[in-house]
Amino acid sequence: MSRSDGRRPDELRTLEIRPDFLEQPHGSVLFSEGRTRVLCTASIEDSVPRWMSGRGVGWMTAEYSMLPASTGERSQREVSRGRPGGRTVEIQRLIGRALRAVTDFRALGERTVWLDCDVLQADGGTRCAAISGAYVAARRALDRFGLGKALPGSVAAVSVGIVDDVVLLDLDYEEDSRAEVDMNVVMTGDGRLIEVQATAERVPFARDQLDEMLDVAALGIDEIGRAQVEAAEAVRA
Amino acid sequence: MSRSDGRRPDELRTLEIRPDFLEQPHGSVLFSEGRTRVLCTASIEDSVPRWMSGRGVGWMTAEYSMLPASTGERSQREVSRGRPGGRTVEIQRLIGRALRAVTDFRALGERTVWLDCDVLQADGGTRCAAISGAYVAARRALDRFGLGKALPGSVAAVSVGIVDDVVLLDLDYEEDSRAEVDMNVVMTGDGRLIEVQATAERVPFARDQLDEMLDVAALGIDEIGRAQVEAAEAVRA
Amino acid sequence: MSRSDGRRPDELRTLEIRPDFLEQPHGSVLFSEGRTRVLCTASIEDSVPRWMSGRGVGWMTAEYSMLPASTGERSQREVSRGRPGGRTVEIQRLIGRALRAVTDFRALGERTVWLDCDVLQADGGTRCAAISGAYVAARRALDRFGLGKALPGSVAAVSVGIVDDVVLLDLDYEEDSRAEVDMNVVMTGDGRLIEVQATAERVPFARDQLDEMLDVAALGIDEIGRAQVEAAEAVRA
Amino acid sequence: MSRSDGRRPDELRTLEIRPDFLEQPHGSVLFSEGRTRVLCTASIEDSVPRWMSGRGVGWMTAEYSMLPASTGERSQREVSRGRPGGRTVEIQRLIGRALRAVTDFRALGERTVWLDCDVLQADGGTRCAAISGAYVAARRALDRFGLGKALPGSVAAVSVGIVDDVVLLDLDYEEDSRAEVDMNVVMTGDGRLIEVQATAERVPFARDQLDEMLDVAALGIDEIGRAQVEAAEAVRA
Amino acid sequence: MSRSDGRRPDELRTLEIRPDFLEQPHGSVLFSEGRTRVLCTASIEDSVPRWMSGRGVGWMTAEYSMLPASTGERSQREVSRGRPGGRTVEIQRLIGRALRAVTDFRALGERTVWLDCDVLQADGGTRCAAISGAYVAARRALDRFGLGKALPGSVAAVSVGIVDDVVLLDLDYEEDSRAEVDMNVVMTGDGRLIEVQATAERVPFARDQLDEMLDVAALGIDEIGRAQVEAAEAVRA
Amino acid sequence: MSRSDGRRPDELRTLEIRPDFLEQPHGSVLFSEGRTRVLCTASIEDSVPRWMSGRGVGWMTAEYSMLPASTGERSQREVSRGRPGGRTVEIQRLIGRALRAVTDFRALGERTVWLDCDVLQADGGTRCAAISGAYVAARRALDRFGLGKALPGSVAAVSVGIVDDVVLLDLDYEEDSRAEVDMNVVMTGDGRLIEVQATAERVPFARDQLDEMLDVAALGIDEIGRAQVEAAEAVRA
């Protein structure tokens, strides 16, 4: 089986991370992985939700949205049907958990970090791209205010799947829609697991297939991590 | 570390499965795992959503809800705030995927199976209990109409977690709220994986901890499977 | 005219009241009247809504819901359409008024009693069963905390109707759907009226028919009252 | 006890019924009972809801709303909180039932009659005024299209209550807010009952008090009926 | 081209302004312009929204609604679809801006003026009639409490349009639906502009057409202004 | 008075129009006017809403949204509060009307053009930038499918205002928030008016001020028009 864009099974798509894509948000990044393009911003607010106030710790929360025309066929804007759909809710909970796992809320102090991940173009793997991009946006925003210690670790995510019985790294939309098994892995920069979500889309899978997918995911995350470091440390314009 | 109810780390809570708890739904079961008690019903409708019609295949969907007083402290009824919360949406999507993975939709024909999982009492592990119970309700309903072939396999789910660095099977609420890592595993009766969801609640975890949790989960699911078979085959009153 | 289950016109269906059906809510009861089965719970909260605070009196409120599969044909879960329907709203207002009429809010103090009535199986008369059951749940919860004085009286409800020109007590679903007149009567244990709701479903009715229905209702409520006392005073497990 | 406006206990407030208050709706009436003023319109549509179609019978439905400034103190417009409140839902169900009880749906044919009752000024008894006014609006609209046979009977409603232990007819807002018992009675023009709703607001009431309230209500409805006939038969401008 | 009711192109429809149409709201007026009939009320509340409090200035806000049967064909009540539609939102924002432009919020003090404009009958130009009527209602309410200085100027509005290439003043519904260009003009009593909204409904228009429409609008507003003064100064009953 | 960025009163901000910013939508453009940056896409669907079907003409509709972090201070995502706000509704209605005024729906045939305008960064004038950008996106999309004739004219928009009594072209956010009068003008490429919306934010304005604003707007629109032509005719990559 060969991939439509000629990649090896364990090869990521082309990464491009443009930090400070916008001037007004505290942190922003246009994160591209193949044709998937996610605009991630981080906004820091000097307060926490009322129920958390007075404890000296901060909060971080994420929102995720796809522009209607981000896929080939236009989808309905979620606001038109009155609430985020089930898929959106799941994804924004996932992004929030992933980033919170590497945050030191005591170092953050009583501040809230809002992460907004807006998918400008979707070609598979948007939730993983959102996590990887949100980390860079958060890092840029916190560094700007001298709050870098609030983010002691780093986090990245990648998808893996089984297509025609072959384990593939970083599925594009077409591969994802044919996959027998679909997995998202979120890991820290030092190689520990934050989240593993593996789902049999068509046929249940064996334990050794799970093991192989985890191995391949670790390779991909390592490569994303290096690109994140470069973007996070770019000189501010 | 000892568990509050004296269980061994790899021991399930007491299971009680009462098939046909109600007379009117096509299939029903009161599924108890410790103090967690979920009423699962299955209703078969002789049609499919319009967008699926004419293809000769069926559909299966799940809904999940917790009664307001199911936990010690009363929670708000979801209808009062206008929509299912994020947690509810995630869980009902999970239940639906789990059951669909063992369903033969061609054998089902153009019918819809509605699975309703209502948590009467919650003491941890409600989503897993809902999956394990929904399977029995679906089996009872399909057998009643001679549609048993639509469910060629079986499915069960169990939670595992790491508490104070020890891997524990089938966490109750108190254990779950202290867990460092929380995992839900859904497997078929013949030992294949359908869904693995592992989340670091506080600290990222290592790959070998993931492996140990998967081993323990497989033991628990095997035991639940035996109880399911017994309930599914009970003589109808 | 004979009734499908052989009852006399002025005969109640079989009553079964199981107090403390659940362990976690403060008070709970599974109330069965024929095939109608309602799970009623009472939760006591040590505060009142803000607008009532500081006056030394308490509050009591009720919610009512039918499980989707509680009737033979599955109905839509109300949360899916975004709000309680008109019928639900009417019923929970009725339950609340009925119970508040026998409550001493000064003896209750600044506490809120939440009554939840969830219909597990519906075969007519669910709103009356909910009232009769909610009383027992409230009594069990208040007694547990030594607040029995807050409920100086008792309350029960029953339906009456005219079917084929005959006055029938405690209609099941099939009778109810054929009734010319449908009435719900809520009374105290000592025989006074709290609520009378009589509705001509098909043909207007005469004053003497109203009188006859009230007579029969009083008999039914007397019998329910005796069963309530027994359940309310059951020794706690 | 004397009433603030000098009425006898069994005396109605001043009635004024202005048929054809508007030119565009099929039927319209401005119904005033004391300071309570309700604008009722009837619109006839030449179709029925899809689920009723093909049976040769029609449908009638009612909506009720209070203008925000209709009471002394401005209340919130219901659209601002996203749905009709519980009280509104109850009232529009009541109005619909009352009017349908005197309608011949076969004579109406496959048409829908929409009744809109908008309270311009509220001083107690608005639901009863809405019923009494809606009847006149419906009659005017149906007569205009030669469909008078669809409304073979007439219907009116009045409130009765017990204030300081005295039975009073047609309570204004101030009396209603002090009432121990509050009752709405809906009757046909020929003296039969359509709906009886009696509620103990503070203390349960005895059977003979119910009887007295019903007697007084019948007198009031008789008087309203005569005013309705006059308005319904007014020559069209 | 001649107008269906025989008016000259620059002639207003018949105006009728009935101040104090209701007794309970602080200010009320039934404003009729041809068959368009709008009930405007003004309610004064002795507080401001929390975010404005403590600054010594007041607030004024407007709501607008059409009764379902106000047009020939009954439209759906907005509360039934859960929120004000786009057109309603635009109109109530316009009314609020228009009235606030002639209000002295320091003279008003920390009070809120609620303006409610409910269209009883719609035959074109309802938003302009609402503005012109709301001014009279506000004036009546403020004068009643000796707050007349809070409304130092006056405001009125009128529609103009181009139909079959002719500029027409004060379009009725039928004219409006055929118009090539539709314009609403809001002006103060002393001839200055508050709002100009001109929209090409079918074909773009030239600058000199805009000029002609503005000239005609000024004439109409002058006439409405004289009627407003008369109603505003009517002796209170 | 001098402008913060040194512009002359009648000078536009720097324009940058990047056609085909995304690969997947049929037409897309990143439209920048100073720091205001709007991503406009056009999607063509081969059908029309059901109520228009069979007439041989097409439809065009627009949606507008601001990313939460597009302004300096993060705003709430509209989907979180359940519906588009009043301002959003007004703007998307305006964009739709503007583009429809230059569309030939018969040449379009039974197709729908969806225009999505998502503000990535907001610094004043976003609704005008959205209109000017949406035109280019629509042109690119229609040309791609050989449907260029459906857009026989062109359209652009610009804001003008009066700040400290001086007429200024193309206000940025800071100027806009200080403006006495705020006007948006939409014109065709050949100099005719489509929409004029002038609003006195603080003080009513005179007719000759309106005239001066219209003159300045025409100059700005002319310059935007030249940039649109260049972008619309760019060679496709």
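Side notes on the structure shown:
When the chains are written out, they are named A, B, C, D, E and F in that same order, and each has its own residue count from 1.
Assume a residue touches a chain if its C-beta (ideal position, glycine included) is under 8 Å from a C-beta of that chain, and two chains touch if they have at least 3 such contacts.
This is a predicted model, so every value here is computed, not measured.
Chains that touch both chain B and chain E: there are none. With every chain reduced to the mean of its CA atoms, the largest distance from chain B is reached by E. If you compare C-D with D-E, the chain pair joined by more contacting C-beta pairs is D-E. Distance between chain E and chain F, defined via averaged C-alpha coordinates, is recorded as 29 Å. Spacing of chain A relative to chain E, judged by their CA centroids, is 51 angstrom. Note on chain placement: the centre of chain A and the centre of chain D lie 59 Å apart, centres being C-alpha means.
Listed for chain B are residues 82-83, each touching two or more other chains. If the chains shown are joined wherever they touch, the resulting network closes on itself as one ring, and no chain has more or fewer than two partners. Against chain F, the residues of chain E that register as touching in their complex are 83, 86, 89-90, 92-93, 97, 101, 187-188, 192-200, 203-207, 210, 214. Residues 22-25, 28, 35, 37, 39, 41-43, 45, 63, 65, 67-74, 77-80, 82-84, 114, 116, 118, 120-123 of chain D are the ones that touch chain E when the two sit in their complex.
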